[in-house]
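These notes open a run of structures that come right after.
Below, subunit A partners subunit B and then partners subunit C, in two separate complexes.
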Partner chain A sequence: MIEKGRISYLELALIMYATVVATAILYIPYVTSQHAKRDLWLSPIWGSLSGFLIVMIIVKLSKLYPGKTLIEYGELILGRTLGKIISFIYLFFLLHDTAIAFREYGEFIESAFLHKTPIIFVTGSIALSCAIAVHGGIETIGRCATIFLPIVLALYILIYVFLIPDLNVKNIFPIMQDGIMPSIKGSIAPHAWLSQFSLMSFLIPLLTNQQKVMKWGMFSVIASVLTMVFINLGNLFLFGGIISNLYFPVFEAARFISVGSFFEHIESIVIAFWVLGGFVQLSSFFYMLILGTSQWLTLPSYKQFVLPIGFLIIIFSVWSTPSFEEMIRGMGTTMPFYFLTVQLLIPVLLLGVAVIRRKRSKSFLP
Partner chain B sequence: MKFSGIWKKKKDHFQNIQLNESLDTLPKIPLHPELNQNIEVLKSAYKDCSDVVFREFSIGSSINAVLLYIDGLSNTEEVDQHVLKPLIQMKNHEHGAIFEKTKKEISVSDIKDIYSINDIFKQISIGNSIILIEKETKGISIGLPKWEKRSIMEPDAESVIRGPREGFIETLRVNTSLLRRKIRHPLLRMKQMDIGRYTETQVIVAYIEGIANSTLVDEVTSRLKRIKIDGILESGYIEEMIVDHPFSPFSQVLTTERPDVASACLLEGRVVILIDGTPITLIAPCTFASLMQAPEDYYNQFYISTLIRWLRYIFFFIALLAPSAYVAILTFHQEMLPTTLLLTIAQSREQIPFPALIEAFIMEITFEALREAGVRLPKQVGAAVSIVGALVIGQAATAAGLVSSPMVMVVAITGVASFLMPRYATGISIRILRFPIMIFSGMLGLLGVMIGITAIVAHMCTLKSFGVPYFNSTAPLKIQNLKDVLIRAPWWAMDTRPEFSSKDTSNLRRQSSNLKPGPSKGGGES
Partner chain C sequence: MKVGGILGVTVILVLIFLYQWPKLKKNGRKVKMTFFLLMLLNWVLAVLLVIFPEMPGPGQLIDFIYKSFETFW
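Let's look at the complex of A and B:
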C-alpha cells in the first residue's frame, strides 16, 4: 500500500468531521435559510439521510474489498477500462471539490478581513502549509485533527455561550409554518456537504482496526449534523428572520460578542481559530486527492505529487466559479445535485454491480 | 626465522598505516616474546609523545620488564608504592611462572591481562599503567588512573529550589556512579562503546532492562554504531547524528545535567546516553510534553506543579507569538483593541517612522544580540552591557523616537517568556520560529499567524523521536498518559509508565494502584 501510516477510529471521525463541518458552518446557514426560513435548523436533519446512506454504502463496499479504496475497487468491480473511467470521474470531481473548498475558504477570508489581498495569495499560503501536512502523510493529518478540532469545537460553543444574553429562543417559532417542504428544500445544501462522507472510502483502509468503522462513521455523521443544527439554531436565536440576508451569520454572530466592554470585536480571533479547522479540512481533501491520483496511476509513492497537484488545486480554485455570488447561488441550486450524482451514484453503482457479481459467481458454484 | 618474518611484515604494515585509522579497525598485533621488539613498536607508535613514560626495570633484579604509562593520567605514587616497589624487591624468580608471580605481587584490585599492542593503546589512554615482561606474550594492565577532575556541583543551567544539588561532571565514571547510586538494581544496564577515530570517546548507553523497550535500545545502539567521525567533544556531535529529522528546528533528544532527571527518565523507560568529556547527557526518546517538564514539577506539590505547567504552555505561545500578534493587531485588526488602549498606542507610535513589522524586527534582533552578548561576556564587562542594553532598549530608543514603548513591553514579555522554558533547547526553537511568524503576520495579519502555527504544528506532527511521535499521548491521543502532560497527577495516581516504554504491557505499572493516602489506610494494619 502507498500509505504506511495508520490512524485510529477517533482520528477517522475527526478528519471526516472537519472535512464536512469546517466550511459547512460558514455557508450552510445562509443557503438553507433561503428556502427553509425559520426552519433552517431542521434541514441538516433531513440532510443527514444522505450522510447515513453513504456511510453505509462505503462501509459495505470496504467490507467487500478490504484494504482497498474507491479508486482501487472501482477497477475490480467494473473491469479495467470502465473502472478507470469511473475512478477518473470521481477523481476529477474530487479535484473540483477540493478546489471549491479552497475557494470557499479564500472567499470567506476575503470578505471577512483581507479585502484587497489577491485571493490566490490567501489560498496559496494555506495550501503551502497544508502541503507540509500532506507530505507528512495521513498520520500527520490525523494528529493535527486531534490537536486542532477540540479547540475549534470549543470555539463554536464559546461563540454562542458569550452570546447567551442576546439569544432569543422564541425566534424558533413558528415551527414548520408552511409545512415540511421548505425545510426539505433547504436541506439540499446539507445533503451536498454530508455526501462528502464518501471520502471515508480513502480512510477506511488506513485504520489500524476496522471492526467498528460503521459505528464511528455514523458517530461522525451525527456529530456533523448536530453541529450544523447547533450553529443554525444559534444563529436563528440571535438573528431571527433577518438570517436569510446574512452571508456569514457565524461571523456576524462573533461580531456581536461583547463581554465586559473590553472583550469585544473578536471576530478576527474567531476567524483565526476557525482557520485551524479549515486547515484540517483542506489538508484532508488535498491528501485524499493525491492518494487517489497515485492509486489511479498505480504509483509507488504520492509524495512527489504534493506540490504539482497543490498548484493545480489553486488554479482550479480560481477557475471553479466566476465570483462569490455565483458560488453561493450554485450551492443552493446545482452544486448539491452535482455532488450527490458523483458521491452517491458512483458508490451505489459500484455496490450494486459488486453484489450482483458476487451473487452470480456464487450461483455458478455447486 | 619465519615467525620474525611475519612479525616484520606486520610491523611494516603497522608503520605504513601510521595510525591513520580508528584503532578498532587496526589489524591486531599480538605481543612479541622479545621485550625490546614490543618497546620498539610502542616507541615508534608514540613517537614524539613526550607524555608517554617508558620506565625500564628488572623484576627481582634479573628479569627485564617495562612499565608504561601516560604522565598525568596515572596515579604514579600508588604505582610506585604497590607495583614498582614489590616487583623490584621480589626474590624468587624462575622463568615460566613469572607472569603469575608478578600478578600476585601487585596489590591492586583492578588488573587485566592484555595480549596485543592494540590493547595497550586502549588501556594506556584511559590512564592505566602497563607492565610488559621479557619472554611473555601477555602484559598486565594496572587500573590506577588519576587525573584532575571538577568536583560535583549544582548545574547552573538547571538549578532547582527543591531537589538534589548534584550534577554530572566531565568524567564518565563519576557520572555512571551518580546514576548507579540512585538506581541500585542490577537491571540498570550500561553498554559501553568508543566513538571517534582520534578521540576514542567512551559513550555509555544506559537503560533499565525490562522497562526500556528493547527495540528502542537496539535502535539507539545501532544509530550510535553508525557514527564514524574524527572526534566527539560534546554530546551535540552525537545528537545531530542520531536524530530522526535532521532539518527540524525542534530538539528531538532531551539533554540534562542532572542525575535525578536522568534517573527519572530511565525509570520511565527512556535511554540515557552518557558521553565522556561532557556533563550534558542525552535522553531518548523525547516528546514535546517532556520538553515542558521541569525536575521540580515532580518534587513540589501537584497543584502548584500543574499550574506552573499550564503557565509554561501559555508562555510558550506568548514567547512564540507575542511580537507577531502585536504586529498583526496593529496592522490589520485595530478594532480588536479597546478604544482607550488603541489611542494610547497610536499616541506612542505617532513619532515612529517605521511600520510595526520593521519596528518589531529591530527590537527582536537587538534583544537577541544583547542576550547573546550577555552569554559570552567576561563577568567584569557583563554589567556594562546590561546597563547599556537596558538604557538602549528601554529608554533611549523610545526617547529617540525609534521604537514605541508598547513594543518595548512586548519584547520584554517575549524575553521573559522564553526564559520560562525549562529546557534551553525549547527556547532555541522558539527563538528561531518567532521570526518567520512575524513575517507571516506582517503579510496576512492574524490569519498569517495561524498559518504559521498550522505549519509548525503540522511539522511537529510529522516528527518522531526514535519512533515515538512528538506529540505522543496528545496526538495520537492516549487519555491514560495525559496525566503527566496536561496536568502533573499526584504520585499516587501516576501508576503507569508512558506506554512507549515496554512492549510488555503487564510491566506498565510502576506502582501498586492503591497508594492514595487517607485515614483508613494509615497506621500499621495491612
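Let's look at the complex of A and C:
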C-alpha cells in the first residue's frame, strides 16, 4: 500500500459528501430546472437511485478484494492487459472529471467575484493550495473535511434561515403538473453527480475499520441527496418560476439576504466559506487521481507526482470545454451519460466477472 | 504573445522540476522516467494549447461519442 495514513468512517462520509455536494449545489438547480421546472426538488430523489446502487456495488467489490482499490482489483479480475485498459479508461475519466471540477470552481469564482482575472490564475492558485494538502496525504484531507464541512453545512442552512421572510411556500404548487416525466428527465444531472460515489473505492482500503462501510456510505448518499433537495426547495420558494433563468441560484439567494437593512451584501462571506468546501472537494479529487495513477503504474510512492499532475489537471481544465455556456449545455446533455457509463458500467462489469470467477473456482475445488 | 505564453509555461515547468529534483534523485529509474514523461506531456500539451487555443479537446470527444443519446432525452 502506497498510503500509510488511515481515516475514520466519519471522515470517509464527509470527504464523499464534499466531493459530490460542493459543486452540485451551484450547478444542479439550473441544469435540473431546464427540464423539471417546478419539480426540480424531486429530481435528486430519483438521482439517489444511482448513488445507492453504486455504493452497494463498490462495497461488495471491496469485500471480495479487501485492501485493494478499483485500479488494483480491475487487474486481478480481468487479467493484466484488459485490466490495464479498463483502469486507464477509468483514470482518464477521473482526470477529466477533476479538470471539470476545477473548471466549475473557477467559472463560479470568476462570474461571482473576479470578473477580469484570467480563469487560469483562479484555478492555478487553488490547485497549488490543494497540492499542499495532497502532499500531506489522506489524513490531512480527512482532518480538513472534519474541520471545514460543519462550517459549510451550517452556512447552507443559514442562507435560507435569513431568507425566511421572503420565502413563499406556495411556489411549490402545482406539484407534478405534467406528470412525473419532467422530474425524471431533470434528474440526469443529479444522477451524474451522485455516480461519483464510485470514487469511494479509493477510500475504503484506507479505513481503519471496514465492517460498517456500507452504512456510512449510504449515510453519505442520503446526506448529499437531502442537501440537494433542501437547496432546490429553498431556491424554488425564493425565486419561483424564474429559477430556470438563473445560473447560480444559491449565489443570487445569498445576494438577496437583507436583515433589518443593515445586514447586507454578505455574499462575499458566503463564497469565502463555500471555498472551504470546494477546497476539500478539489483536493480529494486530486488525491484520488494521483493515488490511482501511481497504483496503475505500480510506483512505490506518489508524492513526486503531485505538482506535474496538478499542472496536467490545469491544462485539461482549460482544454476540456471551450466556454462556460458549452460546459452548462454539456452537463444537461452528454456529460451525464459519460459519467454513468464509466462509473456505473465499469463497476458492474467488474462485479459480474468477479462473481462468475469466484463461482467457477469454487466448483473446480474438491 | 504566443512567445510569452510558451516562455511562461516553460518557466513554470522548470521551476517544478528544480523543486522536485533533489527528492527525485534518490528514487529508482521507473519513478524518474514517469516524472520526465509527465513533464514532457505537460510541456507539449501546454505549448500546443498556447499556439492553437481552439484545438478540439476531450470535451468534444465525449460530445461526439454520446451525441446519439441526446435524442432520447
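Going forward, the second predicted complex is superposed on the first by the 366 of 366 C-alpha atoms of A that agree within 3 Å, B and C clash if a C-alpha of one lies under 4 Å from a C-alpha of the other, contacts with A are read in each partner's own complex, and residues count from 1 in each chain.
Everything that follows uses one rule, which is that contacts are C-beta pairs under 8 Å (C-beta built on N, C-alpha and C of every residue); 3 or more make two chains touch, one makes a residue touch a chain.
Predicted, not measured: the structure shown is a model, and the values here were computed from it.
Visitor: Once chain A of both complexes is superposed, is A:H96 in touch with subunit B (first), subunit C (second), both, or neither?
Guide: In the superposition, A:H96 touches subunit C alone.
Visitor: Under the stated touch criterion, which partner chain does A:K185 make contact with: subunit B (first), subunit C (second), both, or neither?
Guide: second
Visitor: Of the two partners subunit B and subunit C, which one touches more residues belonging to subunit A?
Guide: After superposition, B is the partner touching more of subunit A.
Visitor: Regarding the shared-chain residue A:F311, is it in contact with subunit B (first), subunit C (second), both, or neither?
Guide: After superposition on chain A, A:F311 lies in contact with subunit C alone.
Visitor: Look at A:T321 in the shared chain and tell me whether it touches subunit B only, subunit C only, both, or neither; answer first, second, both or neither.
Guide: second
Visitor: Examine A:M335 and indicate which partner it touches, taking first as subunit B and second as subunit C; both and neither are also allowed.
Guide: second
Visitor: Need the overlap of the two footprints on subunit A, from subunit B and from subunit C, as residue ranges.
Guide: The answer is that subunit A has no such residue.
Visitor: In the complex formed with subunit A, which residues of subunit C make contact?
Guide: Residues 12-13, 16, 19-20, 23-24, 27-28, 30-31, 34-35, 38-39, 41-42, 45-46, 49, 54-55, 57-59, 62-63, 65-67, 69-70, 73.
Visitor: Over in the complex, which subunit A residues touch subunit B? Could you list them?
Guide: It comes out as residues 8, 10-11, 109, 113-114, 117, 122, 125-126, 128-130, 132-133, 135-137, 139-140, 142-148, 261-262, 264-266, 268-269, 271-273, 275-276, 279, 283.
Visitor: Can you list the residues on subunit A that touch subunit C in the complex?
Guide: Within the complex, subunit A touches subunit C at residues 96, 185, 188, 297, 299-301, 303-305, 307-309, 311-312, 315-316, 318-322, 326-327, 330, 333-335, 337-338.
Visitor: Show which residues of subunit B lie in contact with subunit A when the two form their complex.
Guide: 332-333, 335-336, 338, 440, 443-455, 457-459, 461-462, 469, 471, 474-477
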